[in-house]
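Structures incoming, each one as structure tokens.
In the two complexes that follow, subunit A is the common piece, with subunit B as its partner first and subunit C second.
Let's turn to the complex of A and B:
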């Protein structure tokens, strides 16, 4: 069965969507879950498939947020002329997302073609440099309103009314988050089962050997990097509609990258279903820890993070594969 | 366009840049030592500096112990901490993909920061330890800062002597260059790993004590983040694997940071402080691309 591995994750996504629509009271929780799942799925395409650690991954999400914020602020006057409410919402969402993706792809192309020549720790440090450099460029030069940040709640209310704004920040944003997760998962599946998947696996195990065998490693890793960044840009655009405000220190916080890494590793790095499982578990854990013991959830998550990375580096999917020795399970869970 | 360049101000900036630089250098040596020996980037570096800063703060505010004595205490705390970190965590990530060690040390950083926040609260704290000032042209420099940079220099020189003139230091450098060759020469490689990581962490915690003399009111749980990032820049500048290179690079960086801040604050930009950071990270990227082996490696 060619598409077997997609059945379980798609069922899980269906369950998530059904919970969202059957019980709207849980929408806060479901969108929380959807965000971390999408973050993990998107980051997995680069981190999981190439094995490179990009600590600056959050920069692409921040650019997506800025893309949406700048669109909202700047096309305000054009949108006022459009009568139909739905058309107005679609226009904003599509244009903002496209701008966010473009920002992310441009930065990813530059960083990818330059910094991906570095490896291991050097690459990780370079990406931190890009992330922090960009943050301080915005704060220091005052571009994009500098350290004041951009708040779009007022613009959204003016454009769509209070109800429209709520609709955008819940229904539209949630739908976007879930869609991004599914798209990222499908892309992961297509890559893994294609020639590129084998090339990336070879690259991840031993880049020099892969090169000697004639694999154009640079091409594949830059490609994975750009796709992953584009999805992060999209995710940022959705997050902007949810948060309705963007400030450089929060938007470029390395914490998001670390959370993405945790989600990916917890579920199973480089697998199709892994980030989905990891995202659900991590977000549930974080959500309830925040509710039960507010303020010290990070204090509890830190040891969990250390234990998981030391004891289960191949994650839950790796664990499942180890327990169920039958080939059918192995074929279904990739 | 001419800027009103004040010669005295320039000279003062150079002096304070060098003073700050000795401290930056000292605060980076630990990172370079760990990377050199075990090829692990210690992301919890800044959090260790934060622990040192709190040590100085509490010993001074509770028992009036001056920071130069708490330097020793912090070093001892660092030794204990370093030993447990090595045997509890770092020993298990040796030889595994970078991702494992990066995430594990990041987890450690969050653990330290959140513990500090849980115990001592998120507020900024500070103390002032006055022992006099000296006149420098039309400026005054606190004596504590001069003492801090002199002690940084002394510690750095001791590390140099340790690494280059003692048998143990030679073993550490041997392991840095070629662990297998060192093992063939009868060196206990794991033992050297343990000693270097412990020493490096002790050094880092101790440098946190001296840093409090430069940032009198900036002690808080998350103060380490900027130091981690700055240490990355400096370590790359110094070749990433050489503690002595890191110290010299720290001097250069301190000077460059002070001077560029002085220069940028003359320009009409919205935040000279943030722009200085931007310059630092641009420098890092350019350097990684043209000379990833550092400034001093031939």
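Let's turn to the complex of A and C:
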């Protein structure tokens, strides 16, 4: 069955959505999970499919946050004539997300066209500067309110009332997070099963040989890079509605990139369902460790992650495929 | 004339690997290139393939000057290469390895056609039962067959075979070489093969070229080349000393 591999992840997403709506007390946890799953699915499209590590990845998410933030503070005039609350929210979501994606795609096009001429470690080094550079650009030039950051709680209350603001930062933002994860997963599936998927798998294994066999490796790398960045922009837009504030040091923190790498590797690099599993696992671990031993959760989190990755070097999905040697499992879990 | 090398020279540091090579290959020829280690055979292939650029000279393929064409462009034009040390895509299946080559060959019009050709070629080299195996898990001789399959599926006009039968038992050598000749004749592919077991393999060719220290010393029928004193002294003489 052509769409067989999508059944399991879609079921898992449905479960996640159900948990969130059936038990509102778990909504904080489920949106925490949804965030990391979406982050992993988006990052996987570049890291997982090409094997290249973009250390500046978080910059795309931060730009998504700024896109939504700038839209929110400037949308008052546009919404003047619009009465229907749902339409007002809808417009904010659409316009903010589009702006966030645009920012991310523009940066990705610039960075990608330069950095993707480099291989392996050199590419990684080149991208390390991107997130830091952008952060200092904002802080140094004072653009977009510089180091003050942008807080939109007041704007949201003005536009939608107190209840509207709460609604946006819970229901709307959570739905966005889960949707982005699903979209990223579907895009991953479409790519893997297309000609582009073969090109990426080949260049991931052996870029020189792939070139000799006629694959335009640069074209495919750039494509994956921009798609992955766009999804990070979407994610940032959603995160902005959730957090209602963006500050350069936190938004551009390399920690998110590191976590994205962990989620992807934990689940299984380059797979469709991997980031979903990795995201759930990582976020649950981090969440409960933070609850149980706040302040020093990283002390325990790091060794646990090391042990898990040593035990499952090809990620959880790789492990499942190895253990269940049947072809049916192989076809349903990709 | 399919391929013409004019005044090709290539040096690495102080060492002249190829010294003023002039060579023409016609359609349908099966050429064996023999020569001791260090003669320049691999460099010659890398020049034809586009991995190295020559220091001097031109490469004309089907009346086009391809001297500055990168490898992938030459692959589009129909120049295919099977490497001495097989470089399969190790995490992909046998079938996918061949399929990738077919998908991006630009000489196969559709995905369906690519899948058909993949099946056909896998059957041809005898790997059809292993098509779902991960390429990395194949034995060494099987990896060489996979190399051959990958280079054949692209529907090449010029096939460069790099020590394709090295390390194989004699019975396999005969099977592979006669397969290559059969396919070459049926599909009108010109083959240039670097061969290790010259006595066993040269007879499959219709032309032999003796390369030594970067120069073509002999270019004639396989029998003439094998029986020449020059080859016997330089090549076979070295075997005795080793």
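Quick note on the criterion: the second predicted complex is superposed on the first by the 325 of 334 C-alpha atoms of A that agree within 3 Å, B and C clash if a C-alpha of one lies under 4 Å from a C-alpha of the other, contacts with A are read in each partner's own complex, and residues count from 1 in each chain.
Everything that follows uses one rule, which is that a contact is a pair of C-beta atoms (placed from the backbone, for glycine too) under 8 Å apart; a residue touches a chain by one contact, two chains touch by 3 or more.
Source: prediction; values computed, not measured.
In the superposition on chain A, A:302 makes contact with subunit B only, while subunit C stays out of contact range. Using the contact criterion defined above for the overlaid structures, shared-chain residue A:209 touches subunit C, although it does not reach subunit B. Within the superposed three-chain model, A:15 lies out of touch with both subunit B and subunit C [touch as defined at top]. When the two structures are aligned on the shared chain, A:292 is found in touch with neither subunit B nor subunit C. When the two complexes are overlaid on their common chain A, residue A:142 makes contact with subunit B while staying clear of subunit C. Contact with neither subunit B nor subunit C is seen for A:94 once the two complexes are overlaid on the shared chain.
In the superposition on chain A, the chain among subunit B and subunit C reaching more residues of subunit A is B.
Once the two complexes are overlaid on the shared chain, A:78 sits clear of subunit B and of subunit C alike. Across the complex, subunit C is touched by residues 195, 198-199, 201-202, 204-206, 209-216, 327 of subunit A.
If you check the complex, the residues on subunit B that touch subunit A are 35, 39-41, 89, 92-93, 96-100, 102-104, 106-108, 110-111, 113-115, 117-118, 229, 232-233, 236, 240, 269-278, 281-282, 284-285, 288-289, 292.
Against subunit A, in their complex, subunit C makes its touches with residues 49, 51, 70-72, 75-76, 81, 87, 89-92, 96, 99-101, 103-106, 111, 132, 150, 154. Taken in their complex, subunit A has these residues touching subunit B: 47, 51, 53, 55, 114-115, 117-118, 120-122, 124-126, 128-130, 132-133, 136-137, 139-142, 146-147, 258, 261-262, 265, 269, 296, 298-299, 301-303, 305-306, 309-310, 313.
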